[in-house]
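Two complexes follow with chain A in common, the first pairing it with chain B and the second with chain C.
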Partner chain A sequence: MKHSFLDKYSSLNSFIHKLDPRVKIITTLFFLIVVMTTSPIFLWAFLIYFLIELIILIISKIPILFILKRLLMLIPFILFIVIFAPFISKNGYAGSYNLGILRNLGDGFYNINSVLVVMNVVLKSFLSIIALILLSSTSPFSQLLLGFRKLKVPSIFTNIASFMYRYVFVIVDEVQRMVRARNARNYRGKWIWQSKVIGNMIANLFLRSYERGERVYFAMLSRGYDGDLILNYKYKMRWIDWLYLIIFSIILVLTMFFTR
Partner chain B sequence: MHIPDGFLDLKTTITTAVASAGGLGYGVKEIRRKLGDKHIPLLGVTAAFIFAAQMLNFPIAGGTSGHFLGAALAAILLGPWASLLIITVVLAVQCLGFADGGITALGANIFNMGIIGGVLTYYLIFLPLRKTLPKTKRGFLTTSAITAWASVFIASIIVALELSISGTSPLNVALPAMAGVHALIGIGEAIITSVVLVGVINIRPDLIREYSKPEEEA
Partner chain C sequence: MYKNKNLAIEIENLNFTYPDGTEALKDVSLKVCEGESLAIIGPNGAGKSTLLLNLNGLLKGNGSVKIFGTEINSSNLRDVRKKVGLVFQNPDDQLFCSTVYEDVAFGPMNLRLKEVEIERRVNDALLKVEMNGYKNHNAFHLSYGQKKRVAIATILSMNPDIIAIDEPSSNLDHNSQLSLARILISLLKTKLFVTHDIPYAALLCDRVIIIDSGKIVADGLLFDILSIPELLERHRLGFPPGFSIEKLKEDKNKLFH
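Coming up: the complex of A and B.
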């Protein structure tokens, strides 16, 4: 089993990696809320947001190519918005039906309103995806979950997520074995009725996973499991954590102050 | 279907987040009452299953593909509230671990796939159809297939609505495009859901609570 599709660079050693995950969760959330509520007119603010991410990226030593590859994921979504942007009217909001397609095209293909919409979406979605990658690449996933737990996220969610994290690799392994077996038998999925093969694979996968879940549950029950997990949270708030939190917040509050 | 950050405006983000939080609050209470905290390992492993199943792309036509959502399947197999919980955790992990779907859009994504695609279609389509169609294997599979198709189709319409209410894309072109594509993806979802259910019925019929004891369910 060799999977690194989750938290790939989380075991690197850097200042950012050593910070308490709670600090990273709070700053990331705060950062994203500020970014999302900034109007796209203030281009300089987005430059500041990008610089913040760039600095964190450089300190944390995460390869830039890794982030760039992840950004490709957004392209279909952006295309969807760009294709429909010409139909957004000059003076109004895009949801209304009474603005006929032809009349909008008459406005000139890309009017100022639609350009703003596209810019808004592109800037914000790229900034946020980088922020999320930085969060998950600078702390081990299990410790991140415990951080959420310490921040009073209900334990039922963090517990389910912990189990999911524990078994997702086992089950993905199973999927890869099944896919290899299927491809070795000349499967070439091209048309919708060939989906039946996928259905059979998923049925098999479900039964194997469910029965594994039952076995795990009984094994844990017989070892005294009472519905909660025992935590092993490795971090404590040091002065440097507080300092990072405070400096980060001050920068964000300042940009908020000047962009509203 | 996973809406990234930045595509929704403030009012849509907040409305869907509040709706999702309300649904989850009720869902957690239901799960605690029916299953107890102790079934968490089972829910966790099933969440890992949904996650892995979403990695399998199915063909639509001529080389394009869609991936399996699983909200309807999970609702039919484990009940609507367990499915909401599982979908929520899967979406949260996809968002945090893969940056797939945004964190401020998480409420909206849970709303579209968990509440609309899982819980609502279960109560508005699955249960009524289950009562009217004959209680045979074929009747059960037809019901499930329609539910699976509807869960994808309706969720895609809701996504188009949210995008246009946010002013990100115009409704009159985006809605037909989204709905058209997802009507096709929905067929794939329906086929897979019913094939999975046939497999489970053949091997462990006791796992499908709706199939083994349909009359007890309210």
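Coming up: the complex of A and C.
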């Protein structure tokens, strides 16, 4: 079975793709912190953040449609916030809820406080996710992890992420095979007693993954593994990397300064 | 018989019991000379794979396992694993990096070799298994036969003296089996193959041992042993329909000429 890569566009050739992943990790983290801490009343600041992302998107030649598709996954989360917005109390601080919906309704369905909360969540989550999609699709995943490793992130985290990346499709395949074998024996999921089957499948999948983990570990030991994945990092900080880092930081610091 | 040659592997009275009480190996003794290629055949669950895992200290049973005269213990595991390369049955277990290159380089990197040397070894190994055009591919997206060959390259890049392969022919189509056989025959190393594919074992090896219920029940020249049908039958082994010793000898000659 074939699946698309998680980091589908990471091998494109553009200015952004050629940057050292460390620069991209640092700028992305900085960007996320600044976006998160901006008060939602400064709408123009969010416009600037969006423009920054748009410029990176255009330079990196990643298809816009790809990003839009990925953004769809945010909708269920945002939907909940919107549904609960009428319950947000008028005078309370953001995040405080009021079950007296009728009292709220008297002031119009959405009060200014709830509008701010919704705006806050929608703008920030979309901007953050776009930033993360840009990060993960402008560097090959293994090099990105090495970037994290070079930034002194403990190897246990990067190793787990690297195995996740390698085995997620193997597990998806395994699930698909199990579902197929189940359906081939007339499973329709209509009856309560059939729901037990799903529990069994999850347990089965866990056991298979566990045993696979053991076999992979044996294969690693056989090749002299002693606790750290040593891989070669292909990037070096060039003057252009430093320049990008500095310009990006200056823009962010300036917007931070004017939105406080 | 063994006096004038170097012994690559020397196993004496090896017993191995799994934590759940299964006795997988019972009093196994085996000598393998340098440069020999040995087929380990036997029915399912006979202890063939357990024997392989004992060869580089992944499992440790009672008894002694010597590699080139040195007994395996916890202080020389590093050296032993450099000398004995194991290729596992399922290449998805063997290939865990994000690109073929990284996977083949994994062993040499753990040996702390220089980058130039690592690159040379990766190129050599991939060339030997005819996969040199796939360096930057993701292992998951290769075909099964290609994965199998890359899995062998991950061991070749460590330049071991002994190479042990679990089920080399399983899940491969006819052409992939033959091209793999050619590659395996061309490797000048001590080779062990665990299999229950008798025709394939006949292509690759001159000597065979039969393991059943954790015991070595036969050891000798391949065509000698295969010519005792009662022996094969007793241990749930046999030729696939249409095969005979004559046909096997013929096939083997074809592969070499």
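Everything that follows uses one rule, which is that the second predicted complex is superposed on the first by the 242 of 260 C-alpha atoms of A that agree within 3 Å, B and C clash if a C-alpha of one lies under 4 Å from a C-alpha of the other, contacts with A are read in each partner's own complex, and residues count from 1 in each chain.
In this text, contacts are C-beta pairs under 8 Å (C-beta built on N, C-alpha and C of every residue); 3 or more make two chains touch, one makes a residue touch a chain.
None of the values given here were measured: they were computed from a predicted structure.
Looking at the shared chain after the overlay, A:224 reaches chain C, while chain B stays out of its contact range.
Legend: residue contacts after superposition of the two complexes on their common chain; A:216 is shown touching both chain B and chain C. By the touch criterion stated above, A:72 is placed in contact with neither chain B nor chain C.
Once chain A of one complex is fitted onto chain A of the other, the partner contacts of A:166 extend to both chain B and chain C. After overlaying the two complexes on the shared chain, residue contacts for A:43 are found with neither chain B nor chain C. Contacts of A:184 after superposition: neither chain B nor chain C is touched. For chain A, the partner with contacts to more residues, out of chain B and chain C, is B. Once the two complexes are laid over each other on the shared chain, residue contacts for A:141 go to chain B and to chain C alike.
Chain A residues 5, 141, 162-163, 165-167, 170, 212, 216, 220-221, 225-226 lie at the interface with chain B in one structure and with chain C in the other. For chain A in complex with chain C, the residues that touch the partner chain are 2-3, 5, 140-142, 162-163, 165-167, 169-170, 212, 215-216, 218-226, 229-232.
Those residues of chain C lying in contact with chain A across their complex are 53, 56, 58, 78, 81-82, 85-86, 88, 90, 92-94, 96-99, 102, 105-107, 109-112, 115, 118, 138-141, 154-155, 158.
Across the complex, chain A is touched by residues 3-7, 10, 13, 28, 31-32, 36-49, 51-53, 55-63, 65, 68, 77, 85-86, 88-90, 92-93, 95-100, 102-104, 164-165, 167-174, 177, 184, 187-188, 191-200, 203-204, 207 of chain B.
Looking at the complex, you find that chain A touches chain B at residues 5-7, 28-29, 32-33, 35-37, 70, 73-74, 77, 80-81, 84-85, 87-89, 93-97, 99, 101, 104, 117, 120-125, 127-129, 132-133, 135-136, 141, 144, 154, 156-157, 159-168, 170-172, 174-175, 179, 189-196, 198-207, 209-210, 212-214, 216-217, 220-221, 225-228.
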